[in-house]
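Which chain is which? They are A, B, C, D, E and F, in the order written, and residues in each are numbered from 1.
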Amino acid sequence: MARMTNSAGAQDPHLWQPRFSGIRTFARFPYSRRLDGVDIAIVGIPFDTGVTYRPGARFGPAAVREHSSRIEQYHPVLGLDVLAELSVVDYGDLPVVAGYTEQSFQLIEDGLRVLIEAGVIPIGLGGDHSISLPELRAVAQRYGPVALVHFDSHVDTWDTIWGTKYNHGTPFRRAVEEGLVDPGCSIQIGIRGSLGGPGEFEQSRELGFEVWTAREVRRAGLAEVREAIHRRVGASPVFLSFDIDFLDPAFAPGTGTPEVGGFATWEAQELLWGLVGLDIVAADLVEVLPDRDPMDVTALNAANLVFDMVAVIAATRRERRYGAVNGAQ
Amino acid sequence: MARMTNSAGAQDPHLWQPRFSGIRTFARFPYSRRLDGVDIAIVGIPFDTGVTYRPGARFGPAAVREHSSRIEQYHPVLGLDVLAELSVVDYGDLPVVAGYTEQSFQLIEDGLRVLIEAGVIPIGLGGDHSISLPELRAVAQRYGPVALVHFDSHVDTWDTIWGTKYNHGTPFRRAVEEGLVDPGCSIQIGIRGSLGGPGEFEQSRELGFEVWTAREVRRAGLAEVREAIHRRVGASPVFLSFDIDFLDPAFAPGTGTPEVGGFATWEAQELLWGLVGLDIVAADLVEVLPDRDPMDVTALNAANLVFDMVAVIAATRRERRYGAVNGAQ
Amino acid sequence: MARMTNSAGAQDPHLWQPRFSGIRTFARFPYSRRLDGVDIAIVGIPFDTGVTYRPGARFGPAAVREHSSRIEQYHPVLGLDVLAELSVVDYGDLPVVAGYTEQSFQLIEDGLRVLIEAGVIPIGLGGDHSISLPELRAVAQRYGPVALVHFDSHVDTWDTIWGTKYNHGTPFRRAVEEGLVDPGCSIQIGIRGSLGGPGEFEQSRELGFEVWTAREVRRAGLAEVREAIHRRVGASPVFLSFDIDFLDPAFAPGTGTPEVGGFATWEAQELLWGLVGLDIVAADLVEVLPDRDPMDVTALNAANLVFDMVAVIAATRRERRYGAVNGAQ
Amino acid sequence: MARMTNSAGAQDPHLWQPRFSGIRTFARFPYSRRLDGVDIAIVGIPFDTGVTYRPGARFGPAAVREHSSRIEQYHPVLGLDVLAELSVVDYGDLPVVAGYTEQSFQLIEDGLRVLIEAGVIPIGLGGDHSISLPELRAVAQRYGPVALVHFDSHVDTWDTIWGTKYNHGTPFRRAVEEGLVDPGCSIQIGIRGSLGGPGEFEQSRELGFEVWTAREVRRAGLAEVREAIHRRVGASPVFLSFDIDFLDPAFAPGTGTPEVGGFATWEAQELLWGLVGLDIVAADLVEVLPDRDPMDVTALNAANLVFDMVAVIAATRRERRYGAVNGAQ
Amino acid sequence: MARMTNSAGAQDPHLWQPRFSGIRTFARFPYSRRLDGVDIAIVGIPFDTGVTYRPGARFGPAAVREHSSRIEQYHPVLGLDVLAELSVVDYGDLPVVAGYTEQSFQLIEDGLRVLIEAGVIPIGLGGDHSISLPELRAVAQRYGPVALVHFDSHVDTWDTIWGTKYNHGTPFRRAVEEGLVDPGCSIQIGIRGSLGGPGEFEQSRELGFEVWTAREVRRAGLAEVREAIHRRVGASPVFLSFDIDFLDPAFAPGTGTPEVGGFATWEAQELLWGLVGLDIVAADLVEVLPDRDPMDVTALNAANLVFDMVAVIAATRRERRYGAVNGAQ
Amino acid sequence: MARMTNSAGAQDPHLWQPRFSGIRTFARFPYSRRLDGVDIAIVGIPFDTGVTYRPGARFGPAAVREHSSRIEQYHPVLGLDVLAELSVVDYGDLPVVAGYTEQSFQLIEDGLRVLIEAGVIPIGLGGDHSISLPELRAVAQRYGPVALVHFDSHVDTWDTIWGTKYNHGTPFRRAVEEGLVDPGCSIQIGIRGSLGGPGEFEQSRELGFEVWTAREVRRAGLAEVREAIHRRVGASPVFLSFDIDFLDPAFAPGTGTPEVGGFATWEAQELLWGLVGLDIVAADLVEVLPDRDPMDVTALNAANLVFDMVAVIAATRRERRYGAVNGAQ
């Protein structure tokens, strides 16, 4: 069953708003373009021109919002009310020009820079994975090269595809080339699927990333992977990027380039909950493709994973204030 | 193809907002709870406890909003820019208490009364057809008994179902009993489907309504039906109620009690366009059930029919100002 | 909205059974294997081994039953309560051996013969169209060669397909060869779609059938087709066979060999309602394929068309008792 | 592949009934309203007015029946033929009044009491989880306060939602208040998902229930949970309640308030199989929502879990007769 | 039912290939990259970067091929075996660079030029409507400015969208500007839907096109529109462009920018069949979006409309050889 | 994201073919009917008349091809480029006669014998599981009785169903009776689901097969099962048969007789990868039913499992040439 919005028990029915009603914002957080006092902004980036296979992720933000409506503010695993720790808003969507990648990258970078300069942690709702490049451009302007914590079935470090340099297969090579990401404190987790050749398998390691294939994750166990992330990242500012195809297609059919043999949602959550303590300065969740998601499970998972990100940031902040408490250990 | 939002050609990309992006309001009309200067308010009424068969229409407002996003302000058949004639807002949803009909009816009536007292014409997005009763209660407080122009496959004038008086099969009998509707200037159009007995067939006529079955509409032709509506209604204030199951299930599968042998969307539109000149004081479009609408065609049709209602009201207002112009004749 | 089951207004709630509840029989007619006093028996024939393209119609009977649940006993167009005129039961399904055509044909013929010998008019729910052959074998044993009134997009009079004589493309050629159908008083309506050659176009006419293509139906108009059927059939005993692919794929996507450019449900209904007066001794409705019917519109149409068949038989019986009354003229 | 109905090898094809054919009852158990000699009755309770989010579970019983058709009588894990141990029937559906909760609760309680007074163990097919309250009222009349074994992602022990006391979020608080359930020997398993606040997390424990979150189940392991259930319940009469949203949305998308991070079906089965030995006096499986279940996997899982419940009751009975045998240890 | 492939009745089963089997080419026409002796080539153009709303039409060619498999070579309305008149092949797909419009336009133009220089009539399977521009560039190189016969719900003559000149809203303005199309002998049919302003309504007429709105088509009747096309086009070489959103969303849900109030498939076919006699030198059918087409009706319609185009070209050729024969008059 | 076809970086765009484009062959391996030099041929066997429940697997080959398009040639777990080791082609589909089992079995056996006599390893794409019998007939002619490695939820060793000997529940009993399979070195893995009686549970063991139920697999662990296979099979020539219903319905909803409580794809892959070293002489993957697979996850899984089979055969060949290398241990 779903729960009432106002657990404090407002007596006036006009203050109640059932979870199935109302204009859709992420988790019913307030829609705001004002940024003063805001800690985290959920921001849609409806750009999917960067895909090399199945497009449609431009509708990802709308679907994630729609299926976030039952999310409430208390995270029982991390043991906190995120709205008691942080101010979180839905900032709406950034402008893009569908079909025009470089023009859109500029708009995304410009749009995100406003948030970052205001000291807000943006969580981008993709859109395809190419958006991480302009996001990182905005991030690096303030933070310098950041650590990348990257959940995905693909490394996304190709050089070119069909001779073009900007698409959803190349953002993290570009980010290294442009000095936006420090591969030496970065990590990619969940990699799997057939390839064009062994070179593709090694290209991320050659760039300097630590790479965990899906099989390596299973063999080592989730706890070991959580430790590996902390070891790798340390105190660096972190860009957290979650491609929904990290999940198995049974859990995330609604994505453009699904890879079989992936992870259950609870495994992804265990890994995310383990990120408490990292200095996350920006994040995104990408590649949700609603037209392939007839049961909306992909969008539902995505919405909850974004909420987990919010809670991890809140728990980290609480930890810094009060020292570690008994969260998801 | 879809069209840009700002036909005037804004140069600043930040002013563009592609139709696939942004927080969803109806047709991207502004969300507003302020009513001063507002002519028409689109208002969701996510109540479906009144259904006797398949529930789920509480998600109707969200789906209609989502699939209204490509609607623009110029109506080429009626030849007008609705926003040049009228101020139209999306008012969000009224509060309801799912599972509790009478309590919800009170909330709906109270919510709608605020709009009507402000001189706003509300267009309710259902929700099931039982909501027409509390809507009419609010309407009649200001306008007295109104003319009902009712498109539906069912007459909705049963007395009780399973011994209960308030559900989506009874609103218009209740409305007559409560003096909210004047059946003598009211009309029901599109009726069809099997019944429990001949009494059910005649019950609306006995209450005083003019009734056109689907077969009678086809035999007479759309032009004759348009004339019949005007003849019947005259100058009375009108409550316009459109049950999406007026359409054939091929055009509106997403509804709770579909009846085969119905109408194509273009036929519904021809009839709606013919309402220019009526004094519509309130309207609703009900029984959109998104979970039965995998291709979203029902919601798309509903959104366009609501826009047609807005345009008809705008054209009527223009006609009153400037005399009849060449609209949809 | 849906209507209550007991329009007479039973006071005991235990006598009410909402249309969404209970074990599914066709239109909630009683399930019975007893035949004394029964006029019409709805009988499932879940056989689809005869298909040459997409199988799955073995699940047709279950889907048609499920989506017949809102049908009630009064037919407003023909103006009668079918249960006041006739005793109608759901007889369940005949046994078949999936994958074994000739063995199944024997079981179907044997099963149907029991009904026909008991004086019952069977209405078969297919299954694929090959079942019409064993049905006709049972029918002709009692009635001799019958008139075929056949709604379909295909003539189903091929000689062999892949060298085999028994499948859903051949039943009516076999029926003529076996002397089960008198083509001279038979008619096929709605034919369309590409062919292997001109010979396939003429094969039915060469066998002696009157054939109306979809285009000819549209050019002549429905009233003319109704007259043509009566002219052709006269007083002969009639086997009425309705292939759901007579309807356009927008109205009946759930079928194995859909042909574009077909008819709306209301057109099919107008034609069926025109059959009052014919001496229908058996009927079937075939080729409903639920796995291609995500919105259940095909099954809903099929259920209503079967109810129309029941009502036509009832109206004919009433007409014979009391003379013609004002039904669907 | 599916298996023949009559493994004993009946020679008469008329005794065969393929699993895809025939009127749908649960697992093709006989439909019966007579209760003499009946041990277990599967009974549909198509009530969903109690939902706070997405309705439609009133169609749960029909969907579960449809997708139970391939279930046969021998349970290989528990090693028994359930029909050799027990008499099991499908009792059809209880009457309800859609939209009217308290009236329906009375009908459900009255309907179930008939079964319980006859010494039958009812297994209710929901419907939403609010039905557990009237079920428990009927159960407690005979057995006094019972132990609740409750699989769910939600505790369902809220006090009020939108000011109302009777809905699918409150049944087990009401049951404690009314003395129907003894929380001291009751247990809730699988709890997860965001909340309105920490109070909601603790409310069940404050009422006296033992609560296992999803995370605690995973950390302890299934065997430990099985032991915990037996420790908690002991020899008390048990009401077993399984909300299908215990399963992960990938396994049960068709439910009204899905929570990500749930369990695989095989995990649920391992837990259910471990219940052999408990004194189950009534059970239900709730919240199956067919309109969100395009592949019917939810209904298929639900049908099999209900069969597992039947087999557990049969195995317990056998164990009491013959002592423990080598079942699912 | 479906028909056998080899109506001539080959005896060797190895020569039979059921319509559900084999590698998919359009209508099972041979796949060929050789062009000598070829009259018509079906050619996929899987480009959808030009869309302004919902992408995915890059999968259109695959879906149209899949659902063309039951099409056979004899067209009964036009009365000819297309393969007896013409040599038709499936040429596969042209290369494109997803996400890069101008680079793709060059590849499309280059690819099509090969066909046109070889004297082949190409029928392009889109892809979005922007592909008509590079197609026309290739066409005009050989034929000079051509007549456009354009079925669509949109005029596709915008100047820029979001400041960009090349997308699916602009191809025919560009084509006029580049001298590829002679608007004075061109015609657009089926236009409807809301607009940004009255200027958008008139922009095509200002460019010189004859425009028929959907409403004007209905008021004049199909026969009048057929005549208007012939009057307008005369003996000019024709580029025939069919946007599947000409059809109503009930008939073509699987498209990116559906407009309600459109046409049934049979109406589209009547119009296409009326084109016999025109000098069609190239054609396309665009905007089929399989991810929005769960019942595949859109793809099925598209495949049949392409076959109708092939048959019209064949019938025109026959007419030129033998004079007019009794085709679809 | 998806990857480019030509990782070597061809400069000519005409050599690129995006994964979403082109005529569909399995994994875009070349279509070929020539067999010289071919090591492995993927061959569709679109026969589903053998099913006892839900048909439609005749469309399995087309769906698996469609969703294999993103598979590339390098297998990172086994560490090899399959096309560097082997020549693999798509051979198209074998002829069958839908509805006629024995005639089809002959065609399948004849068709497969051509491949086997040419020294090719065929991997059959079903189609239902009955096809394994004619496949084994062809295999045994060359290799004598083979070892069966069989992944399935059903043993498929029934004697007769509805009195018939040839269907998808009987192939492996028939194969033992005909001396095609040596049960003493054969193994069945994944068995689960309800049965008609205990005899059905033991029938495979009585025939001599080693049988692992799903529960036994889970209790022993995947590594132990891998060892058990090698122990059982040794150096025998192997027929590898994978029924997609080995997977849980959440991972493979698109199949005719799904059984709950099954395996995740990654578990199936771990088991398949463990087969390196076996002498696989033929294989099949059966029971993919696209009409029950709205998200195409079943077909995607099937395509990848077939690719895993190819890679296992390649790795075995490499191992024989060079000795064991560090593949998937």
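Quick note on the criterion: contacts are C-beta pairs under 8 Å (C-beta built on N, C-alpha and C of every residue); 3 or more make two chains touch, one makes a residue touch a chain.
Please read all numbers here as calculations on a predicted model, not as lab measurements.
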C-D or B-E: which has the larger count of contacting C-beta pairs?
B-E
Same interface as A-B shows up in which of E-F, A-D or C-E, over half of contact pairs matched?
E-F
So, what's the distance in Å between the C-alpha centres of subunit F and subunit A?
37
I'd like to verify one number: the distance from the centre of subunit D to the centre of subunit E, where each centre is the average of its C-alpha atoms, in whole angstrom.
55
Could you please state the distance in Å, as a whole number, between where the Cα atoms of subunit B are centred and where those of subunit D are centred?
41
So which stretches of subunit B touch two or more other chains?
13, 16, 18, 20, 51-52, 54, 58-59, 97-98, 103, 162-163, 167, 248, 250, 264, 292, 294-295
In their shared complex, subunit F is touched by residues of subunit D numbered 1-7, 9, 11, 13, 16, 18-20, 70-77, 79, 81, 248, 250-251, 264-266, 269, 294-297, 300-301, 304, 307, 328
In the complex, go through subunit F and note every residue touching subunit C.
48-52, 54-56, 58-59, 97-101, 103, 162-164, 167, 291-292, 294
What residues on subunit C touch subunit E, complex-wise?
51-54, 128-129, 154, 156, 158, 160-163, 167-169, 192-201, 213-215, 218, 248-250, 253-254, 256-258, 260-262, 264, 292-295
Which residues, counting only subunit A, touch subunit B once they are in their complex?
13-14, 16-18, 20-25, 31, 44, 46, 58-59, 61-62, 65-66, 90, 92-93, 95-98, 103, 107, 294
